[in-house]
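The next part holds the structures, each set out as structure tokens.
Two complexes are shown next, each including subunit A; its partner changes from subunit B in the first to subunit C in the second.
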Partner chain A sequence: MNLQRQPTALRSLGVNARAFSRDFIGYLVLILLLGGMGWIEIVQPGDLSLPKLTGGLLTLDMLTRVGLFTIVLVGLNLLMGYAGQVSLGQAAFYGMGAFFSAILTTRAAALGIPASLSQAWWWAWLVMFAGMLLTGACAYLIGVPILRLRGHYLAMATLGMGVVVYVLLKENLAVPQLNLTGGFDGVHSIPRLRIGDFVIWPVTRYFVLVWFFTFLVIALGLNIVNSRYGRVLRAIHASQSAAESVGVAVHKSKAQIFALSAALASLAGSLYAHFQAAVIPATFGFGESLELVIMSSVGGLASIWGAPFGAFAVLLLKELLRTQLRVVFPGVKGEFEAIAFGVLLIVIMISMPEGLTTGMLKAYRRWRAARVLKQEIAESLEPLGMK
Partner chain B sequence: MLRVENVSTFYGEIRALNLVSLTVAPGEIVTLIGANGAGKTTLLNTICGMLKARHGAIYFEDKPISDLGPEAIVGLGVSHVPERRQVFATMSVLDNLLLGAYQRRDPQIGQDIAQAFELFPILKQRQKQAAGTLSGGEQQMLAIARGLMSRPKLLMLDEPSVGLAPLLVCEILEIVADLRRRGTTILLIEQNARAALKVADRGYVLENGHIVLSGTAQELTADEGVQKAYLGKGNRLQLARCRADVERYVCLDDPAVNSCALCPNRNGGNS
Partner chain C sequence: MNILEVTKLCKQFGGIMALHRVTFQVARGEIFAIIGPNGAGKTTLFNLVSGALPASSGEMRYKTELLNGLLPHQIAARGLVRTFQTVQVFGNMTVLENVMVGRHTKTRYGMLDAALRLPAARAEEKRLRADALARLELVGLAPRANESAAALSFGQQRVLEAARALALDPDLIMLDEPGAGLTRAEVEDLDRLIQRLQKQGITVVLVEHNMELVMGIADRVMVLEYGQKIAEGTPLQVQHNERVIAAYLGADTFPIG
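This part shows the complex of A and B:
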């Protein structure tokens, strides 16, 4: 994969200038928001805290989850929004990362890994990156045959892959005597991450760690989108046969982006395992894959910045419905959350089919254009003495 | 430069090409004419590697290319401007051109883009616009410009005149002739035989997957069969009046236009 930018001669044509200023605003907004919320929670000025301010709606725990999902979604957006390849099995890679970390940090002794290795502080980090590589390689091998399919067929194939991985996790990878994945109950007592003797816990520290990774991944995503390789992804989306005719190795490029998105999901999965300290297969089933696709579309498929906002919007919405629906409509039962969630999703997709980020940006431009027009009309009428 | 030897290509069990052979020498414009469904596009797609020939061999500069993938064939210097233009509709004109240079890693890409803008000034005006918003003729120009961005030795054009206004057809064909003057060899596929034979040096006539006739452009133009089938000089075809003052056969707006065989813009087959 080649992430090199265009030759300098092209930059003088202003290829990336606009993209850069937009990304700068994105970074600024996200850093200010997160920094502000993190600061309130860590410093707690005047005895204020995030849950207090928002009535228990926003917690650092929830924002950490947003970060984890953002990492997965950046990969998913590159795959679905830019390259146009649907994946309904992304949670499988998320789960592979989570279980890889969980198993190799808790069951190292049973697997015959010497304690001098598995007790070292860097072992968990090594496992995390090995998991990324392994999941990426796995996805590449799966991707070569299934990415030849298009549209619904690809969706079905990825769906099938997700189910296979879920069942493998639930059934102890088909070798019950080792009890690696812990079956339905999953793996517990996963150790916290450490750097030397510095344990990255409580959640305030973990929040910073996760968002450090998230920003790295966002930067990677933006870099890809604005690179030669990003152009290839969009070209494959626009017309596969035309991409072939200009000499793009279409199948290889698709498998590459599939592998990258899987590796990112695996990273998020590992971080999730050390965050929750326990993982169960049920977290990584079809429901989760679907939720990832929902987050991705709500945020905006073809936009890296859609990832954090999509994850945030969906998690916030669910939390809101969970806590507030009963207050507004006394007597409703649990099922109604799902109904209300569905209705809200439909409203979002109808009013902003390109997702929240692009949708709001467009709404703002329309509003500004309307205001300018209104003023021009008023000015043109003024000399006539009309209002 | 390009040698196609006894190539047969199948779609499933249907034989689309039957023992087709042709050659293109360096610096030539060779045209392949034939009606709808004759196999012209199939042949082009087979040469550029998107379809695999079941029998036969294809050589480019004496290297066998029949077993290579499309990306490798582009790398050797064969550029394909696909049928119905196939620009990347959602991407900008500039991005389309940059994608044309996908396999190149040299600092002259910027110069080549400037050159493309010189050749097609309209593209410069529209460089930031999404390619899908261009008119048909502009899209065709973009597709050709994109094909040139890989600095091909051989440029294969698949029906560049389809759906274009007569004057635009002339413009495109003039550009084709101009490209040859700059040293690019061209394989031109056309239904529009009259227009194609005007710029080509040699031609092949493809019918039902067979090459039925080949020769210099003059020979083909003079051939009675070709005249009847593709140039519409037989009695069974209605001749439409073509205005002489606007050069190169712009058909008058008249009901006969649909069956006007003289009009280079005609889309119909050979009946």
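This part shows the complex of A and C:
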């Protein structure tokens, strides 16, 4: 019985047919979803708008956040899902990008940068790019020693790194006189991004910008996964000693992917800074790192497509609980939604341990296989006059 | 000419001498077998030569270059590869991808080429696929190229591991108990494969318990016991060596004579 029908034409061409069709479906679903929601919100046909349709649940603001988290999660999935290296400190890189952009676009004068530079429209973009490079370089230097650790030890080390960065941001990088990071209060009045005189604001424009970057990052992520680097990451995950035995420089590869994931987090951080126009250290603490890991797991670790869907699912779930829990259980207060969130996470992780995307894909394949089997049984019984 | 020269190699684990002053040479192109009772230090020897463990003392030279202090991936890149006693295929990849990882050091395109899928990356990737498929043809796994490596039988995983190692175009391959857990038919395939490797000019060092296999194909055999070399020679010489017989059967309980 042929339960697994593979498109052999594609296979004979040497194309990984399964990966190809999956990526195609992924792009299609995402474009349709976002395009549809964005269109409703921007055009507002017949006095409809997204918040009206969804009872205030979905807003462009929220979808923009999904895009930002997706950028971080693509990096985190490469690191955790593919290479199998846990990071409980990813928010540190997110914060580094955010504060790098925030500081260099608001305090340029105090840092002695001439106005001809810092007032130019491309300055913020340059800072964003430089932030990625700097954060990536930092991550590489941190990664070389700590990625020698494995499992829980690596988790502890990255956690420690996250705490250090958080404290540094909170304590003005240990130089209070300069007041660079603004301490607890953070940095305010971050300018909007511009292209020439075209300001990328209000949120409708920013939504398009963020998702432009997000799609770019998803495409880059998919390309890396399907390249020699992607295979090396999976090899390291499966067996480090076997990867070494065929000539893979394991430690260097791990530090490289750590740096790449940090650079992506930094990009998202910079975009976040210009989105919120204000950043505070509290946003980039351990809680945020943990939430990133949760999004990553919910979406599906070893899948680039898990990133957007994980971010979307978790943000939606939190928003639902925040707004709807009081309707269902009147009189509940405070931390109750955190409990409900926790319970739901446990349910998701038990029923779909590989995350939503992989879990649903598998459920669909099982359903299809069962249907084919049923049909074949029926066909084989027909000549016997049985039904 | 010798491709591998090991001189007075020692490895100490705490108070235990796992290897004690082991000296041997492997000539280019030969099939060199290492046998010995369990715990004799065979796998430790592989781990030292492949760089997985540091040697306590002694010298290892591959093509006259000193191996001491090199990392496993550096040694592999020089054309000296090994397989593992406990099979270590990448179960999260297809059979073909496993072999493609084996050819990692033979590819050059950078992270940026990969991320942007530039022509350089695509061309190299295509060549890589063909090269990997050729290795699978060699070992007879080509029909299963697109299946998950985890779906292969134990014996086929061993063969895949060998194919992955061969993808590096090695000059010397070290097989750690390649016949363990294989069926009779699979052992015969393995026998043919090793002979084919020799014909291609690849030197084979193997640790193996299957005496029929070892005595049938090895040019020379070295016998280890408690970390020391007790005999070396052709299969025939080793088979009639009294110390070897004693080591395998136990001299005290079954005196030979």
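Operating definition for what follows: the second predicted complex is superposed on the first by the 358 of 387 C-alpha atoms of A that agree within 3 Å, B and C clash if a C-alpha of one lies under 4 Å from a C-alpha of the other, contacts with A are read in each partner's own complex, and residues count from 1 in each chain.
Just so it is clear, a residue touches a chain if its C-beta (ideal position, glycine included) is under 8 Å from a C-beta of that chain, and two chains touch if they have at least 3 such contacts.
Since the structure is predicted, the reported quantities are computational estimates derived from the model, not experimental observations.
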item	value
Touching partner for A:232 - first (subunit B), second (subunit C), both, neither	both
Contacts of A:243 with subunit B and subunit C, given as first, second, both or neither	both
Touched partner set for A:347, first subunit B, second subunit C, both or neither	neither
Subunit B versus subunit C as contact partner of A:224, first or second or both or neither	second
Subunit B and subunit C footprints on subunit A, overlapping residues	6, 228, 231-232, 234-235, 237-239, 241-250
Contact footprint of subunit C on subunit A as seen in their complex	6, 11, 14, 16, 220, 223-224, 227-232, 234-235, 237-239, 241-250, 256, 260, 302
Residues of subunit B that touch subunit A when the two form their complex	48, 50, 69-71, 73-75, 79-82, 86-91, 94-95, 98-100, 102-103, 106-107, 109-111, 113, 127, 146-147, 149-150
In the complex, subunit C residues that touch subunit A	50, 52, 71-73, 76-77, 81-84, 88-93, 97, 100-102, 104-105, 107, 109, 111, 114-117, 121, 125-126, 128-129, 146, 161, 164-165, 167-168
Interfacial residue positions of subunit A with respect to subunit B in the complex	6-10, 12-13, 15, 228, 231-232, 234-235, 237-239, 241-250
